[in-house]
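Just below sit the structures, each encoded as structure tokens.
Here come two complexes built around chain A, the first alongside chain B, the second alongside chain C.
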Partner chain A sequence: MKQKRKSSGGFRSLLYSQKVAPYVFVAPFVIAFLLFYLYPIISSVIMSFQEVLPGQVRFIGLSNYKNLFRGDFVKAVRNSVIYTVITCAVLVPVPILLAVFLNSKQTVGKNTFRVIFFLPALVSVVVGGFTFRLIFGEMPTALLNSVIGVFGAKPVKWLGGPAPWTTFFALLVLCCWRWTGVNIMYYLSGLQNISEELYDSASIDGAGAWQRFFYITLPLLKPTTTYVLTISIYGGMAMFLESRMLFNGGRYPGGQGLTIVGYLYRLGWEQNRIGLGCAVGLFLLAVTLAVNLVQLRVSGFFERR
Partner chain B sequence: MSEKKRSRLTAGTFMIMLVLIVLAVLILLPFYSIVLASLRPGTEIMRQGIGLRIDPSIMSLGNYRYVFTDERYFTWFFNSILITAIQTALTLAVSAFVGYGFAMYEFRFKNLLFICVLFIMMVPLEIIMLPLYQLIVRLKLINSIWGVILPSIASPLPIFFFRQYLSGIPKDFLDAARIDGCNEYSIFFRIIVPLMKPSFAAMGIFVGMNSWNNYLWPLIVLRENRKLTLPVGLGSLLTPYGNNYDLLIAGSVFSIIPIVILFLFFQRSFIAGMTAGGIKE
Partner chain C sequence: MKHVKVGKLLAMLLAMCMIFSLAVYAEGSGDAGEATEITFWTFQELHVEYYEKMAEKWNEANPDKQIVLKPTVYPFEDMHSNLLIALQSGTGAPDLVDIEVGKYANFLKGDIQLLPLNDIVEPELDNIVKARVDIYSKDGNYYGICFHVGAAVIYYNTELCELAGVDYNEIKTWDDYYEAAKALKEADPDKYWESVEATDIWHMWPLLAELGGDMTNAEGAVTIDTPEMAKVLEFNRKLVDEGLAVVAPGGYHHAEEFYALMGGGNIASIVMPLWYLDRFTNYMPDLAGKIAIAPLPVWEEGEPRSIGQGGTGTSITNQAKNPELVKEFLSYAKLSQDAGIEIWNTLGFDTIRTDVWAMEDVTHADNKFTEYYVNNPFDILLEIKDEIVAHNNGENLPQALDLMKNEVLNRAYTEPDVDIPAMLAEVQSSVIE
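The block that comes next holds the complex of A and B.
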């Protein structure tokens, strides 16, 4: 009896000791990581070598990877890559400029603009996608067609129309609408870290507004740009819901608007080809990680650590 | 000279203001058009898309009748509030606990574990949704709110954020508390947690908003119509026939209102939470 109490006291004091406490603190993360991230990733790797049917599983070696490039996969990858490149090309420079504008002393009503630019980020992708599907509707009375109609243009079938660029345009507008404001906030907080004196002394040395922008603002915003690029690549390559909403639940005419994750979703949930779906997922994971590591390396992220 | 400089400056400012105003109008346009559309009959929207034309003869608040009388909408709204509340509370509690561990202690595998945190920031849910779904089936959490909530309670961004936030607290502070007789956990719960209030506000809004708007994972986990969250429920109304557009469009507008009101009150916390990942040490 006495012995038992002592041992439980020993366990208690061990649990409360400064040596064990850190492990108790991080334990929830370790459990969640193993269960909800590592296990699914490993299970993905295993299933990517299998044909997974309800009730039975067959090892088929590399067949899934050999079959990877059949079907709409190439289309999906191309769409995702084009989308990612364009969003990065727009959603980095435009927010930088707008943040500089909003940070300028002469700008009136800064806070109102900030609130307005940020509003779309509050809207769920269902509501945003649905709204833009109706704005980009093919009927002449839909918003965009009625606007171009004023200039005498004929109504365009924007989503899945004959020219692929109209679909990309719609996706891009939706994406910029949702994320420009968020990226502006990143850059605004980056701008707060740049000391005012730098600009003052540059002005005294005769630097104009553009020179100050290119030689002070841009280089000092580099850490923010690195971060924004990282999340844009991640978000762009994994984009799915926006196009699913624009195309009303996965009917992508001629593969237009089909992204890598859209393809994965179709394989896994609509065609029950889970093994192949896992191979697609791992391909995407590898590409996303590789692109981001290269991007972080080029930007010198690892040297500062 | 100075006269000339001033006039150029105002011309520049004028251009900047013009750009900002035009952009603001473009950004508000979808909001305006969806609110306008919510006042028109669903069949009309299906046929014509949404535009800017104001036609009082067909406009009414009729669609909003469904929001308040349709049982489905009320159920989804309630489910969303429940899931958002539980998920936010659990995520904040767990992430603050874990973030504290990373910020305040030195221990073996710390760096390895923190690399794991950074690594899963770059693993989109979409990639692992197939095996994760099978896991949730095996854990018998399908069609349950716990299946929606549990996989993301140790999410990387809040952990990262709390670690950064707590790194600023000097460690001598902890030693002083230890000398006063606090144990490791009472230091956290009694001393640190009260200090974390502003960071809880920022992260709470971030987590809560993501949870409120979350679509893909609840769509996969929840099966029965009466269990759906608001975005999934609204999404389920998106049929090709457009027969539910009355409820869909009014319900969509109504679902934005609470979050916009919260945003207008807690702007600063919203922005701090949304941009938390960009914080430098």
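The block that comes next holds the complex of A and C.
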């Protein structure tokens, strides 16, 4: 026992050293960031000015950026933006409410509900997406159409149908199915940090349930909301696999369901135009960064507290 | 003292790494023995079964050149993306790889990272359909060998033909075809004469080829906006508008929804290549004994009645460790008469070996295909063998196909009051050069 403590003494004192330890602890992140984020971003910037072919990489100036707005790019951006807006509009308020219910002392079977809400997050997007594609099938015998058929509605062509909202509806349902539970987890941990005393004193002052929710819960959940919004915006703008699965591996009728990353994938991989794909990727990076910076600023993230 | 301890720790780590890498190495080379390992990527499980059979036969015949096939099956897109990355970066590619014809142009750009196969292909040119190696060639070099001709034909549901009072053998032109469609509508308004794809090209490419049209021209440029294309799409649209044709549920003839509708006996005919044979047997078993294969109708007498469609070119990458041996094996597995026979028996494909087509003992032997279909696919193949044209496979074919699958066909068949020539011009103008 004594021997063991002695032998790890050197390593320990290294970790306990106030000068070295912080660097040791952040090193894995810094190395991963430099290797897997910064380096690829820099090469993407370079490649976005190039035509990249095996053995024949050459600079072609701005022509990738000139070609950016041809083709389905505008459709892809529009789809991604609409998707991001509607998913954020649903996936922030609904999980807050559900988290409050799940956090309440009166709710029965809390843990069961938590598990049920969280389970979809553990299912692969490919499996989930394929199942949803069948649920949203256009035949009268598909699950959703047979359900609405009970109420006398005619079968709807949900995916890529004549009305664009049906496609977004399917994407939204898939997104909510998958992410509601995750966001509930974030909000539950946010709720744990709110002191009971605040609610008690508010009750003594005569505040009702709604008042306590609006004047205590919501404001104190703001840091969590900022975080959830940030990752939701990123997740929404970068969504790809879900729509690819719903649309049979990238057959987007009339551009419906095509997202920015879907377009990037089409150009970069399906048509072997890596340089053009990089230009699309950098556009996505710029937009997402800008939107998030604005969002963080509005939410007061940068203010010194 | 401190340094010694850290050193010990590092030494232990290093030792563990070495043991681990040894273990990995041992696993990699363990069971190979004397045999040479050939790594192989494909996107189609069935191809693995086929190649493993051929490797077994090869090993029996060549005791001094034993091989061990190491296949990996990836999903379609993943395999092609992984291959692009591996070839672009110069490391990680397999010896042997299946590349789908629609993706092939991507691998003929820049300095080509595949090995020319001229020394094995050229001696066999008299025995094979040349067009099926031409589509994988550039500047006189052949880089891939196809599994099949992929000859476009038309599949008729004989039961619905009878219901309509139509003899499908008498349908010679698209006008006849249209009349037959109307006859079925009168007999049973709930049935469809034809199915068209809103997100795929198999059903219309042959009609375009009959007129001499194509997706790309000989120079490789996208040619979507042509009178021929407009004529084909307008014809199909007319059938859709009059309720004679259905837009395939699920978008294309490989969707589960489509299999259900077709398999339920609701559609009288579809235009698809011969490799669709196994889709019927696998996914529409209820139609056994009811499906007949026929040459396509034409717009005018004398037009070629078929086009070679789809296909998978097996190629050797320049990262192959034993290129000569891999080439010998590929020649046996893809070009020999044995290969031609086995491709029909295992995969049910119209092999590129023309001498096999006439071998009645092979082509008419009992198997699941000869039992399923009303007539024999090779009888049709022999009838149309001089009329099977090839399409251009230029650099921009992947882009042209993307535009067709995502934009053109969907709009042509479903957009209300679409002006097809104007729509084609609009899509053509969005092409990225």
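One rule holds for everything that comes next: the second predicted complex is superposed on the first by the 267 of 305 C-alpha atoms of A that agree within 3 Å, B and C clash if a C-alpha of one lies under 4 Å from a C-alpha of the other, contacts with A are read in each partner's own complex, and residues count from 1 in each chain.
Rule of thumb we're sticking to: a residue touches a chain if its C-beta (ideal position, glycine included) is under 8 Å from a C-beta of that chain, and two chains touch if they have at least 3 such contacts.
Predicted, not measured: the structure shown is a model, and the values here were computed from it.
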So if we stack both complexes on chain A, do chain B and chain C clash, or do they fit? clash
Would you check which partner chain A:134 touches, where first means chain B only, second means chain C only, and both and neither mean what they say? both
Let me test your reading of the model: by the given contact rule, A:71 touches which partner, first (chain B), second (chain C), both or neither? second
Chain B versus chain C as contact partner of A:106, first or second or both or neither: first
Could you look at A:261 and tell me whether it touches chain B, chain C, both or neither (first, second, both, neither)? first
Which superposed partner A:22 touches (first chain B, second chain C, both, neither): first
Comparing chain C with chain B, which touches more residues belonging to chain A? B
For A:124, decide between first (touching chain B), second (touching chain C), both and neither. first
Check whether A:248 is in contact with chain B, with chain C, with both or with neither, and answer first, second, both or neither. both
Counting only touches as set out at the top, which of chain B and chain C does A:195 meet: first, second, both, neither? neither
Common interface residues of chain A with chain B and chain C? 134, 137-139, 141-142, 248-249, 269, 274
In the complex with chain B, residue positions of chain A that touch it: 16-19, 21-26, 28-33, 35-37, 39-41, 43-44, 47, 98, 101-102, 104, 106-108, 112-128, 130-132, 134-135, 137-139, 141-143, 145-146, 177, 180-182, 185-186, 189-190, 193, 209, 223-224, 227-228, 230-231, 234, 237-238, 240-241, 245, 248-249, 261, 264-265, 268-269, 274, 277-278, 281-282, 284-285, 288-289, 292
Across the complex, what residues on chain C touch chain A? 1-3, 5-6, 9, 76-77, 80-81, 84, 87-88, 90, 103, 106-107, 109-113, 198-200, 249-252, 255-257, 260-261, 398-399, 402, 405-407, 410-411, 414-416, 430-432
Residues of chain B touching chain A in their complex? 9, 12-13, 16-17, 19-20, 23-24, 27-31, 33-34, 37, 45, 47-53, 94, 97-98, 100-102, 104-107, 110, 113, 116-117, 120, 122-124, 126-132, 134-135, 150-154, 159, 178, 183-185, 188, 209, 212-213, 215-216, 220, 230-232, 234-235, 238, 240, 248-249, 252, 255-256, 259-260, 263-264, 267, 270-271, 274-275, 277-280
Spell out the residues on chain A that touch chain C in their complex, using ranges where they run on. 7-11, 13-14, 52-56, 67, 70-72, 134, 137-139, 141-142, 160, 162, 248-255, 258, 266-267, 269-274, 276
